[in-house]
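Just below is one structure, and these are the notes that go with it.
Per-chain numbering from 1; labels A, B, C, D and E assigned in written order.
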Amino acid sequence: MSTAAPIRSETAAAAASLDSVSKIYGAFAALRNVTTSFPAGSSTVILGENGAGKSTMLRVLAGLITPTRGKAIVFGGPPHLHRHRVAYMSHSTMLYDELTAMENLTYFATLHRGDGCACVGSPEMALRAVGLDPALTRPVGQYSQGMRQRASLARVLQTDPELLLLDEPFSNLDVKSAGQLVELLADFRTWPVPGGGSRTLILTTHQASLAEPLADRTLTMRQGQIVDLSTGTNG
Amino acid sequence: MSTAAPIRSETAAAAASLDSVSKIYGAFAALRNVTTSFPAGSSTVILGENGAGKSTMLRVLAGLITPTRGKAIVFGGPPHLHRHRVAYMSHSTMLYDELTAMENLTYFATLHRGDGCACVGSPEMALRAVGLDPALTRPVGQYSQGMRQRASLARVLQTDPELLLLDEPFSNLDVKSAGQLVELLADFRTWPVPGGGSRTLILTTHQASLAEPLADRTLTMRQGQIVDLSTGTNG
Amino acid sequence: MKYLGYVFEHLRKDLRLEWRSRDAINGMLFFVLLMVVVFSIAFDPAGYPSVTRQISGGILWVGLLFASMTALNQSWSREQRNQVLEAQRMAPSPASALFVGKALANMLFVLAVEAVLAPIFVVFFNLHVLGNAKLLALILPLGTWALVVNGTFFAALGLRARNRELLLPLILLPLSLPAVLMMVQATTGVLTGELDPIYLRSWITQLAGYDLIYTVVCVLLFETVLNAE
Amino acid sequence: MKYLGYVFEHLRKDLRLEWRSRDAINGMLFFVLLMVVVFSIAFDPAGYPSVTRQISGGILWVGLLFASMTALNQSWSREQRNQVLEAQRMAPSPASALFVGKALANMLFVLAVEAVLAPIFVVFFNLHVLGNAKLLALILPLGTWALVVNGTFFAALGLRARNRELLLPLILLPLSLPAVLMMVQATTGVLTGELDPIYLRSWITQLAGYDLIYTVVCVLLFETVLNAE
Amino acid sequence: MARSSTLRTVAWLWLAATVAVLVVGFRQAIFLAPMEETMGNLQRIFYYHLAHAILGLIFPYINLAASLAFLYWRRRDPLKALTADALAVASAEITVLFVGITLATGMLWGKPAWGIWWTWDARLTTELILWLLYISYLMLRRFSPTGQTGVLSAVLAVFAAIDIPIVYMSIQWWRTQHPAPVFGPEGGGIDPAMVPAVLWNLAGWAMWGIFLIALRFAVERRHQIAEQDAALLALEASLETPQ
């Protein structure tokens, strides 16, 4: 698995892009011939009805599912070549219920170390950043929904990703917690990247108003297609 | 299991009430000494943060969990005495994935028949009312989220309940589907009750704005307690 | 009468669900076949032909015990999937009818499996029944019901437990031990033809007694288990 | 070296998780214990003492097979619960390290169970090892690894399947049959002391060969299975 | 269109040839081959037993090859991978059929020859395991989630294939009740008069097996193509609707 040629081609503006991607489940097309690209350093909010294909799109970008047709390109190559630069957070915590947040994070951090790249922030710092106490001895399974969401965010933040994919980070959160999350994400975008470069954010949500501060670009999907792209509400 | 004394005591205004109810899980109090009542014919929207105890309260009223302390009273007796007059819909469908909507509804209808009371509407009518085609041969497992929610609603409507408990009926629904659901529920409240009497509605949600047309009374919970009760936004 | 109507309704629903998927029963059949093969490889019936007849009763029932345990573990999973169980709890019909319906459905499945299994068993173990073969037609259903009735009950009990799959055997095995003893003794008695008919009859009567007692207890307690929360 | 580091990290995590709940190991222990009891009732070792020694190897391994299968079915459930598996798939460390770590953890659990089980087994079946008892220290780990390595692999393979609990035995049993045959023959050979040492050695060598081949195939194909979607 | 009609003609011709060869084989086996001294006419089942046994050991290799091809093409060329998958299913099903017939004829023969239907010797056991393995392969295909069927079953196919050489070698490695091979370097050899019957039957059943695999492959392909077309249709229809 050699990290082929164009690693730094995202200087050519796109951190990730989809090239006429379709994803077909059985006889049902969850994504239909989607072509789009996400400029490096931008922050994109994806809106759309139930079943519009938002989650599917994120998972294609994360390399968790392969498109039936078309290609997903992340940092100039197929998604699985750049795992240490991409992070994905779904609405589940993706953490072990029985371990504490600290144990979880330390474990995942070790999995990211190596490959000659020390691009991993410290678990403590990540937990502090999201407002959790690293010394907490309760296992994640006993956290409240809001604490879980934070811990989950810490997991993705600690790997210091250049491309961050978030699937409905605010669902099941009350308005106050959601607001704090948005602030944190806005802050994250300003963190410097060690090797130079910028941070790209893509998130889906049903609550457009909540995510507004993050919406450099707003992408609306319907029935597996992108039906609208509006830029520059802010940022 | 004799249907004890006061069956028709709801003429005394309360369809359901909680009398200093606490529910304690391990060392955690999900409900703390809650006393409230739901007038017959009213419609109540329960709001509150994650973990406020909304679902717990509904489940106590449905008789699905017994309070650790205090008493739940439904139509003047303990909840399990009036099962044929109460219906509860959670965010799951509570339907068999492998059967069609029609088969599911017919099955549950037979379970409600008997006891000398013919208080069951027809499954076809209920399905039509929620806008589903009774002739659909696809099993419920293959429905989209919106269709499931409708089928689930048809299940509770067909039993023609006098007290209807809905737990986050709009979660995971897009705004349009949610709007249709609200309309249907508003309509349901006007259906006549065979023996005379009125229909009471209690629902929880995180999207207060969506449920507004149904909010005769708005009840706000925090940390297992009722912290606010406002009446008469409309209705 | 009303009660039987409910039971029938539940049974019909379970059979229909099973018919829709059909995978479970196919899988089950193959599983039992595999069990027989594993046992015969492990116990090498050809190597010690004299032994075979004496242990085959045990093998048969141990195999059925594990096969039905695997199946029973699944038997409430459909109720659990979309919280259908809560709809069942909210329904005004008697809870025990639900139990009886499901136990009957499970019984039918396991009997179907046995019908297929029997000839294979005879071939692989090279068996000749030396006793009164007709008695087997009595012992098999009685033994099966003993496994199924408790299995269905305790599968419901363990529904909300964390390690569901592991829990069922842990409860069911100790409870079924007496029944297993009776079935094995009776079956071996018939197969070898060595057991005095009087003893044989007493084993069968005891088995029937076991069935009766546990069925009554299960039916009486099911509502409590269902509403345990 | 780096690879071993990852394996160790995964192993440590699994051991810690198990230590927190201790579900798998307790459940397995009790399960195996019950199996021994059921088998001793079903096969009546006291009744036919001469037979016991010949079938006890089979009973031991059948018991372990079913116990470990039940436990292995659960072995990825923690990864599945909060979609942790997706986090694992997104991690840049090699996927096969995850597999090796988990297989080693499972191996340790089953070995622990065996350590407790062995004396009980001897007592219940009233066994005296007539052959070279030291060989058992070779046969037991080899046989256990044969069960565990495939079991862990196919538990992962069946993760997203519809009838997960049923699927694992359906795949694992046919694949393990040759291994079961070898373990049982070797164990029985040692217990009875009747088997020619040359044959005994050949069984053990074959078992080692089986372990080797399947381990290699599992490690090579694990990444494919993990990213099947 | 033209291509499919020639294919159909070829298929019919192939089937006709197969039937012809099988008829010759039948005549050879039942009427022409000499009667064996010890077992009499019963021995004639041998020609069917042997043919199915040998083919039952060859077809799983097709399954293995197709599965490996599938794994190789999966990411590189999904369409070719689908073809390989279809071939894998087809060969697995026919393997189950042929191995099943081997078991059945063997058992039918075993009863008069050995006095028992079944014994746990290495050849019989490994053959049975082979049969079980490919059934579990088919089971996995039914149970596995949509979209992953191909990958998961291809992986299992690799595991299952490890058993094939073991079946073949079983009579060398272990003492068996089942007779030693008649062909090959150490084979005892058979009466030359029986050779034509053996060969005709082998050829006939091989052609029959290939025909079945091709047929099953075609059906599976049609199935896949129909599915794809449906998806494509849905896709294109939606692309036409104005946004």
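Everything below uses one rule, namely that contacts are C-beta pairs under 8 Å (C-beta built on N, C-alpha and C of every residue); 3 or more make two chains touch, one makes a residue touch a chain.
Bear in mind that the values here come from a model prediction, so they are computed numbers and not experimental data.
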| item | value |
| --- | --- |
| Smallest count of steps, each to a touching chain, taking chain A to chain E | 1 |
| Chain pair, most C-beta pairs within the contact cut-off | C-D |
| Chain D against chain C, contact positions shared by both copies (same if over half, else different) | same |
| Chain A on chain B, rotation in degrees - Cα superposition, rounded to nearest 5 | 180 |
| Euclidean distance of C-alpha centroids - chain D vs chain E, Å | 32 |
| Rounded Å distance between chain C and chain E, as computed from the means of their C-alpha atoms | 36 |
| Separation of mean Cα positions, chain D and chain C [Å, integer] | 27 |
| Distance from the mean Cα position of chain E to that of chain B, given in whole angstrom | 58 |
| Touching two or more other chains - residues of chain C | 23, 27, 30, 34, 37, 41, 44, 47 |
| Where chain A touches two or more other chains at once, by residue number | 66 |
| Sites on chain E at which at least two other chains make contact | 125, 132, 135-136, 139, 143, 147 |
| Interchain contacts, given as pairs of chains that touch | A-B, A-D, A-E, B-C, C-D, C-E, D-E |
| Parts of chain E lying in touch with chain A, wherever the complex brings them together | 75, 78, 146-147, 227, 230-231, 234-235, 238-239, 243 |
| Chain E partner contacts - residues on chain D that touch it in the complex | 150, 154, 157-158, 160-163, 166-167, 170-171, 173-175, 177-178, 181, 206, 213-214, 217, 221, 224-225, 228-229 |
| Partner chain C, residues of chain B touching it in the complex | 62-66, 80, 83-84, 86-88, 90, 92-99, 103, 107-108, 110-112, 114-115, 139, 155 |
| Chain C residues within the chain B interface of the complex | 2, 5-6, 9, 13, 16-17, 20-21, 78, 81-84, 86-93, 227, 229 |
| In the complex with chain A, residue positions of chain B that touch it | 48-51, 144-146, 171-174, 176-177, 206 |
